[in-house]
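Pasting a structure below so you can have a look.
Each chain carries a letter (A, B, C, D and E) given by its place in the written order, and its residues are counted from 1.
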Amino acid sequence: MAAVTAIPGIEREGRASAYTDRVREILGWYESDNPGTKANIARLMTHGRLAGTGKFVILPVDQGFEHGPARSFAVNPPAYNPNYHFELALGAGCNAFAAPLGFIEAAAARHAGEIPLILKVNNHDVLHDEKDPISAQTSSVRDALRLGCVAIGYTIYPGSARSREMYQQLRELAEEAKSHGLAVVVWSYPRGSALSKDGETAIDVVAYAAHIAAELGAHIIKVKLPTEHIEQPEAQKAYTKAAVPISTLPDRVRHVVQSAFDGRRIVIFSGGAMKSDDDAIYEEARAIKEGGGFGSIIGRNSFQRPREHAMKFLQKIMDIYAD
Amino acid sequence: MAAVTAIPGIEREGRASAYTDRVREILGWYESDNPGTKANIARLMTHGRLAGTGKFVILPVDQGFEHGPARSFAVNPPAYNPNYHFELALGAGCNAFAAPLGFIEAAAARHAGEIPLILKVNNHDVLHDEKDPISAQTSSVRDALRLGCVAIGYTIYPGSARSREMYQQLRELAEEAKSHGLAVVVWSYPRGSALSKDGETAIDVVAYAAHIAAELGAHIIKVKLPTEHIEQPEAQKAYTKAAVPISTLPDRVRHVVQSAFDGRRIVIFSGGAMKSDDDAIYEEARAIKEGGGFGSIIGRNSFQRPREHAMKFLQKIMDIYAD
Amino acid sequence: MAAVTAIPGIEREGRASAYTDRVREILGWYESDNPGTKANIARLMTHGRLAGTGKFVILPVDQGFEHGPARSFAVNPPAYNPNYHFELALGAGCNAFAAPLGFIEAAAARHAGEIPLILKVNNHDVLHDEKDPISAQTSSVRDALRLGCVAIGYTIYPGSARSREMYQQLRELAEEAKSHGLAVVVWSYPRGSALSKDGETAIDVVAYAAHIAAELGAHIIKVKLPTEHIEQPEAQKAYTKAAVPISTLPDRVRHVVQSAFDGRRIVIFSGGAMKSDDDAIYEEARAIKEGGGFGSIIGRNSFQRPREHAMKFLQKIMDIYAD
Amino acid sequence: MAAVTAIPGIEREGRASAYTDRVREILGWYESDNPGTKANIARLMTHGRLAGTGKFVILPVDQGFEHGPARSFAVNPPAYNPNYHFELALGAGCNAFAAPLGFIEAAAARHAGEIPLILKVNNHDVLHDEKDPISAQTSSVRDALRLGCVAIGYTIYPGSARSREMYQQLRELAEEAKSHGLAVVVWSYPRGSALSKDGETAIDVVAYAAHIAAELGAHIIKVKLPTEHIEQPEAQKAYTKAAVPISTLPDRVRHVVQSAFDGRRIVIFSGGAMKSDDDAIYEEARAIKEGGGFGSIIGRNSFQRPREHAMKFLQKIMDIYAD
Amino acid sequence: MAAVTAIPGIEREGRASAYTDRVREILGWYESDNPGTKANIARLMTHGRLAGTGKFVILPVDQGFEHGPARSFAVNPPAYNPNYHFELALGAGCNAFAAPLGFIEAAAARHAGEIPLILKVNNHDVLHDEKDPISAQTSSVRDALRLGCVAIGYTIYPGSARSREMYQQLRELAEEAKSHGLAVVVWSYPRGSALSKDGETAIDVVAYAAHIAAELGAHIIKVKLPTEHIEQPEAQKAYTKAAVPISTLPDRVRHVVQSAFDGRRIVIFSGGAMKSDDDAIYEEARAIKEGGGFGSIIGRNSFQRPREHAMKFLQKIMDIYAD
C-alpha cells in the first residue's frame, strides 16, 4: 500500500515502522472519520509492545470510583497513587491508560505524550447501587482535549431501564469527540432489571451489546467475555436455526467480533475480577486471539498484583497476542 | 410543465430523463420546502430501478439494533457486514438505503454518491423493552450532513405514554434537517399501553398514525399494512357513518394514503417479518399499488434471503410497482 | 383619532377602509407590543367579511391531529386535502385559518398572503389520552415566520397536573413570537384530574382560564362557551357575595370577557362538536355578540358540512356579528 | 455622608430630597450590586408618599392568577381592569406596583416612568393545587427590561418537595436580573408536605424562609406575619436555649428581620386575606414598624375595598410608617 | 527549588515568604491546572496564621441556610450579621471564609482582597428533608468571579439516589470554574437511603467519598471524621485481607488521605456540631495532624462560641497545626 501514498523516488525512511499494513487496514475501516480521529486511533495501535500488530492491551483504572479505594488498592498500596498506574502502563508497554478525570489530571502533565490516554468520562459508584444503573458524566470532551487524551471512554448498560439516557448522552459526547479528532471507546456492559444475572454475560446479550456500541459509532468496543448461556427466547430460535457455533470461548469471541460489523470494529475483552491463577488468564487471552478478538483490557489483574509480577504478567499476555 | 421552466429555444437535453412529470408533480406537494430539501426528495425519486415512477422500494437495515445481530443476520452471515447492504441496495436498484449511524459510517465513504442514504437517527433495542416505548436519539442532523445523506429517518410510537417526547424530538430534528436541505422520513408505528396488540395495525390507528406524521411535517411516511380491525370506539362510529371502504387491502391502503393529506404526502408500507412465501409479498405490493400507495420498505425480507434470491425478489417487487 | 396621526393637508386616501376606529381602539389595548406584532393583530382584524368590525370568525383545522382523520374528515372527504380548508376560509371570508405544521406547509406557498395564517404550534392526539393532558410542541416560531403566518396558536389545559410545563413552554414561545413581531393566540381549555367533567365548562373555571391566558400575555384568547355550573367552592362564595349575573349565556360571555382584563383582550368562543341544527349555532353567535364576545372559532361545524352549506353557514354567522 | 461624594464648593441643589441618608444607608447594604441595580433599589425608596423614609407600601395584584378573577375582583368590578391598579398605586403613593406579565403589558406604556414596576415572573393557579406546590415561570428578565420595570418578583415555597427547582430557577433569573441592573424581590412563602398548616406561619419557619431568601441573593424579601408557633423540634431547642423573644408581634417581626442578615436586607410583610376591620391592619402596621420591619405589601386589602376607601386606607398605613 | 525559577544574580527579595517549599510542593500536585487556578490554590495556602505551612483552618458559614438562622445564630446574636464572620475569619487568621451567595454579597466589597473567599454554590435546607437528599445550586461561577472569590464550594452526597445529578452538576461547575482560574472545594458527605446512619461516617464510606471527590477533580476535599465502623460487606473483606489499620483516629485520617490519591489532594476534616469541650476538639486536630490530614473546617464551633473565646480557640487549633 505504500506505493499509493509515497512520492516516487523518495524513501519513506522516517515513517515509524509501527505503521504496518495491518494498522493501515484497520484504519481503513473507519473511513468516515476525519484525519484527527484516525490519527488518534493510529496512536493507540502504534504505541507499546503491541505496536503495529493491531492488538491491544489497555490498562484501565476506574475501580477506585466504581468499587471504592480500599477494595481496589489496599492489597497493593502504591496503587493509591495515580502515578503508579501511568508508570505501570508505560513500563509494561500497554497501548493506553484509561482513567477518570482525577487520575488523569494528577499525572498527565509529567507524562505528557508518553502514553496514549483515554479519559473515562462517565462513572458509577456503589455507595448507591440500582437495579437499573446509569453512570454519571464526570468529565468532558474539553477535558480530554486539554489533558492531551487520544480518546474518551464511556460506559453504557444495555438492558437498563435508563439505557436511552445513556445512548443519548454517548451520542452527544461522541459527536463532539469525533468533531474534535478524538476516538471513542465504549464499555458496553449489559445490566438492568430486564436481564437475569447470568444474562449479563450471555452470548446473545454480549453480542447484542457489542452491536449496539458499534451502531452508536464506537471506534473501540469493550465487552465482557461471554458464556454459552442464551438469555432471550427470540434469540435462542435464531441461534438454533442458524446453528451458530458458541460452545467454545474462541467460538463466542468470534461471534461477538462478527456482531460488530463482521469484525470491522475493534472489540476487546475485559479481564474481570482479580484471579490468582495467571495461567487461567493467559488461556483467556489465547482464546480471544484464536477467536479473532483484538485484545484485553486488564485492570484489577494488573494493579492488584505486585508491580514486578504485574509487569511480567502483562508482558506475557502481550506476547500471546503478538505471537 | 416543462414549458413553465424551460427557456424558449433551448432544448433541455441535459436534463435527466428521470425528472418526469410525475416526479415534478410530487415535488410540487412540498411547496413550502427550500430547494435543498426538494433536491433531496428528488434524488430519492430519480435513483434506481424505479427512477421517475414516483414509486419507492427502500432497503432499511436497523434490525441489528432493534432486534439483535443474531436474530437479524445469523441466517445470512454476510449481512453482518455493512457493505453487504449498501451493495444489495445498489445492486437491486433500490431508491435508498436506510440505517443507523454505525452502519452508515462504516461504508458511506467508499459508496459516496452511489445511492441515496437515509440516516436513521433514533433507535430502540429489546434488551430492555417497555409497555410504552420510546427510542433513543443515536445520531444527528450534523451526522447526516457529514455522511452525505439525503434524509434523516425517525421513529415515532403514537399510542405510547411517551409520544409527546418523541413528537417534540422529531420536531426539533425536522426543523434542523429542513433548514439544512435534508428530507425527513418518519416511521410511524403505533404502540403503547393505550393500544391492544391488534390495535397496532388497526385501520383507524394506522390511518391516524399516518396523519400525525404528515402533520408533524414528514416528507415520507412509513407505516405498517393495516388490518380491517377498528380500535377506537369513537372512530368506529365515523367509519360506519361515512361507510368508509376498508374490507380489502387496496381499500385500506387507499384510506391510509387519503389520511395523509388526501394523497399529497408519500406513504410507503413496511414488509414486516421475514416470510418464506415470495408470492404473498408480491401480492401485498400489488395491493399497495392498487390502493395508491407509494411503495415498500423491505428489510428482513431482503437481507434474510440469500443475496441472489434477494436481488431477484426485490427487482420483481419493483417491476410490480413500475408496471 | 385620525387627526392624531395624519399630516395636516394630506388626505389619507390610500388607507384601507378596514382600519376603522374600532380596529385602532382594539390595537390600543396592546400598547406594550412592538409595531410588528400590532401589524399582525391588525391583519387579523382587516381581512375578510368582518374586516374593520373588531369581530372574528376563524377556521381552525387541527381535528385530524386531535381526534384522528376519519373522525374529522370521512363525513366530507374533500376535507382530507389541506387546500380545501384554505379555500373554505378564503371563500367564506374568515379572518384567519389556523392549523398544525403539516397542513400549513402543504398549501402556504400557493396561498401566500391571501389569508392570515395561525400556526398551531402544539397538538395532542387521542391514541394515548391522559387524565392530566399536555400537548406536544409540533412546530416553532421559526416555522411560523418561514411560512408567513401572522400568529402562533398554543393550547393550555389549566387544571392539568402538567399545567406548569405548558405555561412555561407558552412563555418561551410567546416571548420569541412577540420579539419577532408575531401575535399569540391561546386556546385555554380547562382539563385535568382536579376538575370534574362539568367543571371543564363551569363559568368560574372558564373565566379563570381566560384570565390566566391574558396574564400569560395572550393577544387573542379562545375558550369554550361556559355553563352556569360553578366548580370551585371558594369561587362560589365570591359569585354569591357579589351577585355576579351568570344565568344567561350573554351574561356568562360578558363575565368571561370581563375576566380578560375587563374586555381589553380579544376573547373568542369555540363552537364545539358538530351540530346538525344551524339555528342553535346562530343563537350562540347572537349570545356571544350580545355578551360582548369578539367572535367564534368554528372548526367541525364548518368543514364537516358540505362546502356550499358551510359557506352559507359561515357567512350567516359573520352577518350576525357584523350586524 | 454627603461630604464623601459632593464636590467641594458645588451645591448639590439638584439632588432629589428623597435621597436621604437613610436611603443611602440602605443602599450601602447592597455593596456587591452594580450601579444599575442600586439605582433601581433607590427608585423604589424615592417614589411615593414614603419616599426617603426607607419604608415601603407596595401594591401587588397577582390574585387574579393565584385565586381566580371572580374571587379577586367581583367584589369591586373596576378592578378587573389593569389600569385600575396602576392608578390606585399611583394615586395612593405606593412605592411600587407588582403584577404578572399580562397586567403589566396592559398599561405599562401609558404609565411609563410614573411608578416603579415589579414584574412578577412566576405564578401559580388553584385550578390544580398540589401538596408540594411550585409556580410556573410566566415571564422573563427580558420582559421586565422591555416593559421598564425596576425589579423582578419571584415566589419560592420553602418546605415544598420541589423547593430545589424553585431555588435554582430563582438563581438563574436573579443572576440575569442583577447583571442587567434590575432588583430582585422574593416572595418567600413556606408551604409543602413537610409542614403543618400552622407551620406555614410559625415563627421559626418564617424566619428561616426570610434567611433562605436573603442567602439566595434577594434584595427585598416578602414574608407573611408570623405566629408564636414553633414548627421544628430542633428549632424549638434553639429558641428555648437562647430565650429568643417571640411573644409579641413586634418581637416576631424583629426576629424575622434579624434573620435576614441582622436587618441588612429589606423585609416587608404581607397583609393576607381581605379583612373588613381597618384598625386591625393599622395595628399590624404599627407592630411591623415597632419591630423594625420595612413595610407592607397589601393586595386584596387595597383593591377589594372601594377605591376611595382604599386610597385613604393605604395613605393611613403609609402615615403610620412615615410617622 | 528556587533555583529552578529564579534568574541568576537576581534576588527574589520581593517574594512573599509564605511561598515555602511545602506550598510549592503541594501546588505541584495540581499539574494539570492552569496558572490562574494554581494562583488561587496558592492564595489559600499563603494567607493567615497558617500561611506557608500547607495546613488549613477554614471558617464556613452556611448553617443559616442548612439548619435555619435561630439554630445557627441565636446562641450568639452578632453572628446574624455576615460581617461578623468575615471579621472573625480575618481576626483569627483563617485561610479562608466560605459561605452562600447572600452572605458573600453582603460584605465582599468592604473586605475586598482581605481574605480568600469560597463561594458555596449549592445549599440544602431542612424545611423539607429527604431520605435521598440533593442540594440546590444557589449561585454560579460567574457570581464567584464577580465577587472576587478564589474558589467555588460544592456539596455532594455520595450514597444518595440522586448522586448522579450532583456529580454531573459539579462536573459542569468545576469545568467552568477551572477554565476561569478558580479552585474547586468539594464537601463530600455520604447520605442517602442506601446507607445506615452509622454508615455516613464509616471509615470505608468516608474514604470512598474522599476518593470520589478526588476523581471528580476537586482540589480540596472536605469530609467528616470517620469512625471505625465499616458499612459495606465487600469493603469489609478488603480491609480485613489487607489489614488496613483503622483502630485509631490518626489511622483513619491517614487512610482517608491515602484514599485521595495517596495524599496528593488536600483533604480537610469538618468539626461537626458545637461541642462545649474545647479540649476534645484540640485532640481531634492533633489526630488529624498526626494522620497527615491538611486541617479543619470549623463552623459552628467557631461562631457559636463568644467572639473572644472563638478567636483564642481557633488560634489554638492553628497553633496545633503549625507546630
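Simple rule for what comes next: a residue touches a chain if its C-beta (ideal position, glycine included) is under 8 Å from a C-beta of that chain, and two chains touch if they have at least 3 such contacts.
No experiment lies behind these values; they were computed from the predicted model shown.
Centre-to-centre separation of subunit A and subunit B, using mean CA positions: 36 Å.
Taking the mean of the C-alpha atoms as each chain's centre, subunit A and subunit D sit 59 Å apart. Of all residues in subunit A, none touches two or more other chains. Taken as a graph of touching chains, this assembly forms a single closed ring in which every chain touches exactly two others.
Order of chains round the ring, counted from subunit C and going first to subunit D: C, D, E, A, B. Contact residues of subunit A toward subunit B in the complex are 29-33, 132, 158-161, 163-165, 167-168, 171, 175, 179, 190, 192-195, 204-205, 207-212, 214-218, 232, 234-235, 237-239, 241-242, 244, 255, 258-259, 261-262, 264-265.
Interface residues of subunit C, counted against subunit B in their complex, comprise 64-65, 67-71, 74-75, 77-78, 80-82, 100-110, 123, 125-130, 134-140, 142-143, 146-147.
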